[in-house]
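Chain nomenclature is as follows: A, B, C and D, assigned in order of appearance, with residue numbering initiated at 1 for each chain independently.
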Amino acid sequence: MLIQSEFDIQFRLSYPTAMVALLHLHPSLEADLQSGNHLFVEQIQEAGSGQITGEPMLIPSTEYHDSFGNRCTRFIAPAGTIRLKASAVTLDDGLPDQIAADAQQAPVENLPSEVLQFLLPSRYCEVDRFGAISNDLFGWASPGWSKAAAIRDWVHNKVAFNYQTARPTKTAMDVYTERIGVCRDFQHLAITLTRCQNIPARYVTGYLGDINRPYSGAGDFSAWYEVFLDGKWMTMDARHNDSRHGRVLMATGRDAADVAITTSFGDAYLSHFYVDSFEVDESGKKLPIPGMPELAPA
Amino acid sequence: MLIQSEFDIQFRLSYPTAMVALLHLHPSLEADLQSGNHLFVEQIQEAGSGQITGEPMLIPSTEYHDSFGNRCTRFIAPAGTIRLKASAVTLDDGLPDQIAADAQQAPVENLPSEVLQFLLPSRYCEVDRFGAISNDLFGWASPGWSKAAAIRDWVHNKVAFNYQTARPTKTAMDVYTERIGVCRDFQHLAITLTRCQNIPARYVTGYLGDINRPYSGAGDFSAWYEVFLDGKWMTMDARHNDSRHGRVLMATGRDAADVAITTSFGDAYLSHFYVDSFEVDESGKKLPIPGMPELAPA
Amino acid sequence: MLIQSEFDIQFRLSYPTAMVALLHLHPSLEADLQSGNHLFVEQIQEAGSGQITGEPMLIPSTEYHDSFGNRCTRFIAPAGTIRLKASAVTLDDGLPDQIAADAQQAPVENLPSEVLQFLLPSRYCEVDRFGAISNDLFGWASPGWSKAAAIRDWVHNKVAFNYQTARPTKTAMDVYTERIGVCRDFQHLAITLTRCQNIPARYVTGYLGDINRPYSGAGDFSAWYEVFLDGKWMTMDARHNDSRHGRVLMATGRDAADVAITTSFGDAYLSHFYVDSFEVDESGKKLPIPGMPELAPA
Amino acid sequence: MLIQSEFDIQFRLSYPTAMVALLHLHPSLEADLQSGNHLFVEQIQEAGSGQITGEPMLIPSTEYHDSFGNRCTRFIAPAGTIRLKASAVTLDDGLPDQIAADAQQAPVENLPSEVLQFLLPSRYCEVDRFGAISNDLFGWASPGWSKAAAIRDWVHNKVAFNYQTARPTKTAMDVYTERIGVCRDFQHLAITLTRCQNIPARYVTGYLGDINRPYSGAGDFSAWYEVFLDGKWMTMDARHNDSRHGRVLMATGRDAADVAITTSFGDAYLSHFYVDSFEVDESGKKLPIPGMPELAPA
């Protein structure tokens, strides 16, 4: 299956501002990359009235890999309006998220050293405050997949989705008490409860389009998480709690603090936001999505 | 100057428990290492009454470097009493902590990529909650050393030291409101306020003995922090707020969550605690410390 | 000046639910009451489709005064849709909020006993966490009105208004860190900082229409606060920070937890919300408000 | 049964400081009062060395009842050392705390108006954050005594007592996550969980000596709580979780913020603390307590 993932995000800035973006596909997808994945960082030429007055100008940027292996892009956004834009096509195995009911949880002493950090508390995952709560709720569950899935199900069923309730300071504890949140909030709570049970868990950002399923609305970046079972990272999603097709990975980290899509070291106002991912055929033509309106938001 | 650093820490455990220790000297000290720095992980042979019944037995352990470059030791502590023990002698340049009143703060866009993570929020450093507070307090200060030192001084003078108030969940915000804490709490608040001003700041653990100064009490591990100015990490210490001699570095990380001296994945009760560092002469003899009682706690 | 205050609020309930409403004018306004102030608690007769099928039916209710002297109404809301509705006309002295730059702050020992409770911490006003912060910010200010006004001004200028950020658990500390909120949030932060300076402060709910000023949008209930100076309660408003005309008092308490407009002991969904207050002439005719659209939201 | 309750508490103050004390027995005990209950507020005459230089001098004080009906004493403590001291003998029915397994929980609509406030959130009892948690834990329990007792038992068994962990800002949420605390912390968590189940709960301070039970250590004031079942307030104690004899009531309120033993509006250092309560015979002689050391701490 071929999946095209793409976005066009614009910010308005009053002053030149340093920014970091984690907007490339994840390096682990390189072998499956068919085309694209070039990040355009552009300044839009516009008059004071907002009218476009010329071709976008390229803004110089540099790349680095962070300590989690994510591909990061740095640049100085000039005052005015900037556009971040990319499109990529990747080959996907067409399989849904794996369900591995017998996946084992390794004793901590047998975990690879590099995954140990995903047992620790992090900004939005207060593992140190959730020990007793997690044991009360899931101490009984059989180790491994059963326990990890029980946590995911619990979070999915106890927390309600609501875009209005997003806030940058919301932690797993806030989600646990308020029981309402967006993608990232679901995953933060699930990750925290999972780490308390000595199962490494990490936060993931990427695309999750309506692939092999009906249209569900305008696209967005998505967040899910991964648990370390059977010696490898396995996908979990406490928001959708469904074995989905066509996730396209962008970045992984301890929590959302590590893998913000964009970080600006100064004020930046989001002025345009288009994100989508969908199946394409060999010719690059988008396959129809059942239920999608003729004129989808774009 | 030669500095000997050493410790003997013991834990009692009811069950075999995976542990990670960050108890070696920092790899950056290798060139200055004169002797020692071998971590002994031992099981103490004792009768139920606590009486020693034989020589300690070595517990197998393995090493790895975490993503911050710290040297970490992993092992399974058996039920009973274990001892962690090491001693090392390092060559120190004999200079006090550098005071560099004209050290410059690089614009974020010029920072090396690997230090960017030390601007982000982390478990105990809620950068995302302190933006306005930090600007209210230090927005006026000249960038660079002046600003970093103003933050350090403020924390030092506004927070009182009190061993009784330590708790594992205490964050920079708790320190800011309670104004009382231990080493780590002072540094967490200072680190957070510093990051908000776009100066990278990282947490440090190590030894800080009474070197070139009068005896101040029984030894302990210490925590301080480093700020990134003039293209390098420079020592700051909001707890002591003094240019000290003879710090011996053990580990650096985003905050105390990254560099716990020991992490046990199960219950472990600290039953013995001796830590010290002091100047020695060429023959390895400890130099006298003014004011130290004849029988120092050991 | 005659002021008419009125509202029509509706809730949908799945089950019969006990409710308490603080929707009468404050007992202190009794002498100025010209007409109305009867609270209608009604069940709306409707078909499943929401179509009105008959006259509203009265729901029995009882009244009591809480420990703050507020007039409270209790009733059991039946399943379906209920309407709370009242209108009142009061005589107002036509004067703006008093500015009393020389109002004195009594030493705590001289405060009347019944106001001492307004120095204590309460649910949304963590006086016990703000002591040092308040002293840092306002310790320098001259006692009395100057200090109280400095606090009000600071909050007004440091916090931004945003309806989207309201949440029921938001405390003064959240407002202090997030710097964004609605009416109640501004007042909670100001109240907390004021109490820390040993000036009693209490939370107020009521109507604040566009009286003697241009139209500013659809009506709502408002919150402000009062400080105890010169032996009496004086109005402050950190949200508007302006000497306004025509406030109509409904209830006072330690914070919003004490004087919720409605409290339902079970789920209740707000389905209709109209609140307004405005000047009327002797004949009861609404005086024009400059800038008000012909068809105001009602 | 006759119970003598008494205390001698001393504070050192640098400046004259307004104080409020809730140190009388509760007004409801008046009929049972046999003798005493006079609060002495005294200044201790001492030289700079701390040596007593004369008889204590009486400090003038006044009394009032707060909105909960507690007897409060106000005074200005002069700089130096003050002593608060009282002793009282009350007649006790000799019965243990009532166990009323069939006590009913009234529907909210049938609760007396004056108890409704004990369903609301208060400073240390964040009812608004615990709704889902309380339902998860106790939604299943039969209403009334069963549910109230389940909550009390749960808190008792899940929280460990530790004097070192007391702090003035600790809320029910902190107790729920840290699972460690002192008397007041146990009761705050139990009160919060109970209110979430629509059972009114209030905080109580008083004496709880070793009456009809073995000696358990030096005396202290105690805190417990009351739940409103069968139309009256019934004693619960999540700290001791035991049907005890000889509680002597001092004050009731929404939580510890309302009924602090002493509140000082300025710094006051506790320099002496003796509290005790015990059974006496008709002649006023203290009855022996099994296991009490000859020279009990006094």
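In this section, a contact is a pair of C-beta atoms (placed from the backbone, for glycine too) under 8 Å apart; a residue touches a chain by one contact, two chains touch by 3 or more.
All figures in this text were calculated on a predicted structure; none of them were measured in a lab.
Chemist: Treat each pair of touching chains as one step and give the shortest count from subunit A to subunit D.
Modeler: Counted as steps through touching chains, the separation is 1.
Chemist: If you tally the C-beta contacts, which comes out ahead, C-D or B-C?
Modeler: Pair with more contacting C-beta pairs, C-D versus B-C: C-D.
Chemist: Call it same or different for subunit A and subunit B: same when shared residue numbers make up over half of all numbers used at their interface.
Modeler: Same residues, largely: of all residue numbers at this interface, over half are found in both copies.
Chemist: If you average the CA atoms of subunit B and of subunit D, how many Å lie between those two points?
Modeler: Using C-alpha averages as centres, the distance is 41 Å.
Chemist: Indicate the whole-number Å distance between the mean C-alpha point of subunit C and the mean C-alpha point of subunit D.
Modeler: 34
Chemist: Rounded to the nearest whole Å, what is the centre-to-centre distance of subunit B and subunit C, using the mean of the C-alpha atoms as each centre?
Modeler: 50
Chemist: Among the residues of subunit D, which are close enough to touch at least two other chains?
Modeler: Answer for subunit D, listing residues that touch two or more other chains: 129, 169, 177-178.
Chemist: Flag every residue of subunit A that touches subunit C in the complex, lowest number first.
Modeler: 164-165, 167, 169, 177-178
Chemist: For subunit B, which residues are in contact with subunit C within the complex?
Modeler: Going through subunit B, the ones touching subunit C are 129-130, 132-133, 136, 158, 173, 176-179.
Chemist: Report the residues of subunit C in contact with subunit D in the complex, numbered from low to high.
Modeler: Result: residues 18, 20, 64, 66-68, 72, 74-76, 107-109, 113-114, 116-117, 119-123, 125-126, 128-129, 168-169, 198, 257-258, 263, 265 of subunit C touch subunit D.
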